[in-house]
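So that we are looking at the same thing, I have put the structure below in structure tokens.
Note that the chains are named A, B, C and D in the order they appear, and that numbering of residues resets to 1 at the start of each chain.
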């Protein structure tokens, strides 16, 4: 049984078909990369999986549950966490609080709990802090916990997003261009981090532009072009696929 | 008798009560607009609901003051849910104009309801609001707000303000939280309104117009959106300035307008933008922390003045 | 970083303080126009009113009338040999501020009496405070219910609608023969809502018929809809219970829509030159009641109208007159009692009988309610109020 | 009943066309810098006062007074923008909003100081314009020449504006700026100048509305801008803020809606109905009637 399954998923924006009956399967414990030229619909797939857009047609199944029509916060609770292509942190909040927010779906204190500050709430708050610190440590950001997120350098902001996503104890982690804008040392660190996350038992689904990065880290690669899936297989298979080469280098090659 | 009542000259006591009530009202709005970022231009409407409800409770049903206050807060919160449920999915200025519209509708309806006196309003409300009571309520509201701010709930609200989509993807049900926050803010406004009613003794619909909402909003923005100490400072400054400017009668509001513009130009994040009680505490500024002042532990409730 | 923040706050406060000091200084000089006498030698009277808010026009006019009265008294040697000083405060129609002001008047300024506010709402919010502190408060215009009942220190100087309203309707039905009435109320004005009820009761009691009831909001300018509705029902007369601004505009709109002969009948809220300034020819023939007649003015009234023209370059209106009278009635009571202490002169004030003011001859009843007798019915002719009928009032 | 409805419809169109004139200023400014210019109602008030002063004190012909008021407010709008909004271009939108509210409070209190709280009267129409006449339409409905004048003037101004926005260089730059501020700036549009133009045009239209309202109702008051401004802003949102046809349509719809409320005997609920229409429209179509749905970008 695959962890996540997309079955003929389609989404239309007006006249534009951004994702065109895509089938995709993610097995537990693998690192799957989704690649494709600009505007191929990669991020849209993420937005479909995380419930930001409802698909026009097709079904998305996660651990035998249909995700169609479920809200983003619900999907997060089911065990899917994500990062964003154009970093979406909570800029005014301190780094630690950003990660604490990520823990939201695994805690349950209500408004009244917050007002009364019962022992249970206090204990939960402590646990949240503990978990948040662990996640920061994992991404190597624990020394910056009190800084406002907006003051972090770009690469650290990307890592902070991953830390925030990790705080919800996800089973499936969606990373949208995690290496974008990083230099090669930073990328090397990132590869290590992602691999160790996979080794913790998580499944990683990532969208990336950087071929070297993708080919080095992925167990499997899927390719999107104009909203359609044109290839799916091991990194070496995909690299040799003529459709993929055409999509990247231009149609006239075919 | 209340602990704090009668310690000060009546004029200062009266001003302090007004300041206290405005701090309560402004903290309610700060939760909605400052913390969660939902622009509310109709805060006075919820204050109005609280004021009228509590007045009717005291006058017609002879309820104890505490019951009247809570009833005012609860009905305001209920209206907050009814109004908030459909409108909170609107964003930014559209929400703002809806809240404004609701305020005007409420005023218009009150003019036409003879049971609450129409334009003549309600008069003869017992003057039960004392400095002690206002002070106790204010401290409770401040502590609640500080607790909310540093809780899971408070973080979720800030996350919604900062980036609603990212918040949703991190497991926050933005609609639910906005609604809860909105009704809590309205509850506080209702309580503020109830205290107001029992100080002013007369309620008329025109007391709760758009300008009143703007006045409260100004306090929050001047102090620094989202900052609790800032809101307290803003409410204090803006309530006292007209009092201080009292002698410039005709030029007073002119100056007030100019001051707002100057303030925004030279300090757009307000007097204390980004400052929270926690950050003050961390800097060792113990004198501003609630709970440190000796008068913070009133022994008994003040009844009547 | 924190230091700069502190510094900024400090600077802000200093600036505000400087601003306040500057303005405060300027204004104090301004208001002591009666002469820079020392505190012990002045009788302070507070003006409580709206100078910048929704009802600013009533407040400003009341204040002008009071200033006139104070100037006259001071020129003639003051009260009890002391100069009269008006302490001015603006509450911009905010009841919380009004309450603070009254506290300030009583505790800081130690005024002998407070004149104001022309509106019933603010009076009800503030009079309990002055009554509790045993300081006289006289409203120059509050006509609503439950004002003087607040306590022995609360007075009002105005013609009561319960007297003038029915007298006017009686004249309208029994002498002019108008029975089909369009009644208009300003729903956001407590004065208008109260008077409309009085009008309505009187009309039904005397056998008239209200063919249409319309309402408007004080402050609006577009009444085309209401007039179209009224025109549709063809009434014989328009009865309006609100103030002159809307009254003038309503009549103008009525003429615009071709209601050529209809007149307006209303309360003393119509008593201001603004009525015909706005309405022009359209308000010719309109009728209202009032406590005095400018056509057969008493000596005082004639002088008052001339003096207002000279001092403020404007025609006197009802609020000018009521503010003027309120201050003078209080000062007269002080003279009678020989004291500016409210606890002393309040008795003399309550016994005021047939005081010949510019807004009518005023007597306070046992329950402090003012009676102005006779009531004058006035009609606009050539842009002036002319006397139609004197109605004596039974006390 | 039918004739009354027709009359109310005409009343509504006359009122609505003044709302529309003022709403245009809100919508244009909002379209470009996303600011609810709360001072706009006060500019409308200033326009009415300037027109009045020109007619009564300087004895200028009404047409020149009309143009003079437009010119004055044009300059005034630009100055307000330079002083109160431009320094806040990069700060939060709420800061700019509060600044606008500050300007609004300042201006209305300034007018109160200068002109007093007493309503000032416009000279009678027959002295400055023409004698009011009533024309019979079908089914006993009537229209006055003053109503015709108000509607026609508003319509002409709006058509001119639409033409200007669509055809002129500045108009095109305005549309570009409103669609994408930063890109327009990068493409060489002098954004500051375009914003000035926007304020100039919006303010002069408000002034035109002010003088028209002054003539139509015959009264000018220091706080007249407040409620009208609120209604006009409502009209702009109703039509879809940022959309020029939307503002026109929203204004008319609001005017007609109010008058129909009056026709149905609900005149005391007039404001409630105006704002009720607004809330309903927003709930059904959150971006207003003519607003375009913006796809949220993730």
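Remarks
The rule we apply is simple: contacts are C-beta pairs under 8 Å (C-beta built on N, C-alpha and C of every residue); 3 or more make two chains touch, one makes a residue touch a chain.
None of the values given here were measured: they were computed from a predicted structure.
Of all chains in the assembly, those touching chain B and also chain C are D. Most remote from chain D, judged by the distance between CA-atom centroids, is A.
In terms of C-beta pairs in contact, the better-connected of the chain pairs B-D and C-D is B-D.
Chain centres here are Cα averages; for chain B and chain D they lie 32 Å apart.
Here the CA centre of chain A is 71 Å from the CA centre of chain C.
Computed from the mean C-alpha positions, the centre of chain A lies at a distance of 48 Å from the centre of chain D. Taking each chain's centre as the average of its CA atoms, chain C and chain D sit 34 Å apart.
Listed for chain C are residues 51-52, 54, 187, each touching two or more other chains.
Multi-chain contact residues of chain B (touching two or more other chains) are listed as 111-112, 165, 250-251, 253, 259. Contact of a single residue of chain D with at least two other chains is seen at positions 109, 112, 268, 270-271, 296, 298. The touching residues of chain D, when paired with chain C in their complex, are 1, 3-4, 7-8, 11-12, 14-15, 109, 112, 116-119, 121, 124, 132, 134, 142, 144, 146, 213, 217-219, 221-224, 227, 258-259, 261-263, 265, 267-268, 270-271. Within the complex, the chain C residues that touch chain B are 2, 5, 8-9, 12, 16, 19-20, 23-24, 26-28, 31, 51-52, 54, 88-90, 92-97, 99-101, 103-104, 106-108, 120-122, 124-125, 128, 133, 144-146, 186-190, 192-194.
On the chain C side of its complex with chain D, the touching residues are 51-52, 54, 56-57, 59-61, 185, 187, 214-217, 219-222, 224-226, 228-229, 232, 245, 248-249, 252, 255-258, 274, 277-278, 280-281.
The residues of chain B lying in touch with chain D in their complex are 33, 39, 86-87, 89-91, 93-94, 96-98, 100-102, 104-105, 107-109, 111-112, 165, 210, 214, 217-218, 221-222, 225, 250-251, 253-254, 256-261, 263-265, 268-269. Across the complex, chain A meets chain B through its residues 50-52, 71-74, 76-77, 81-82, 84, 88-93, 97, 100-102, 104-107, 109-111, 113-115, 117, 121, 124-125, 128, 164-165, 168.
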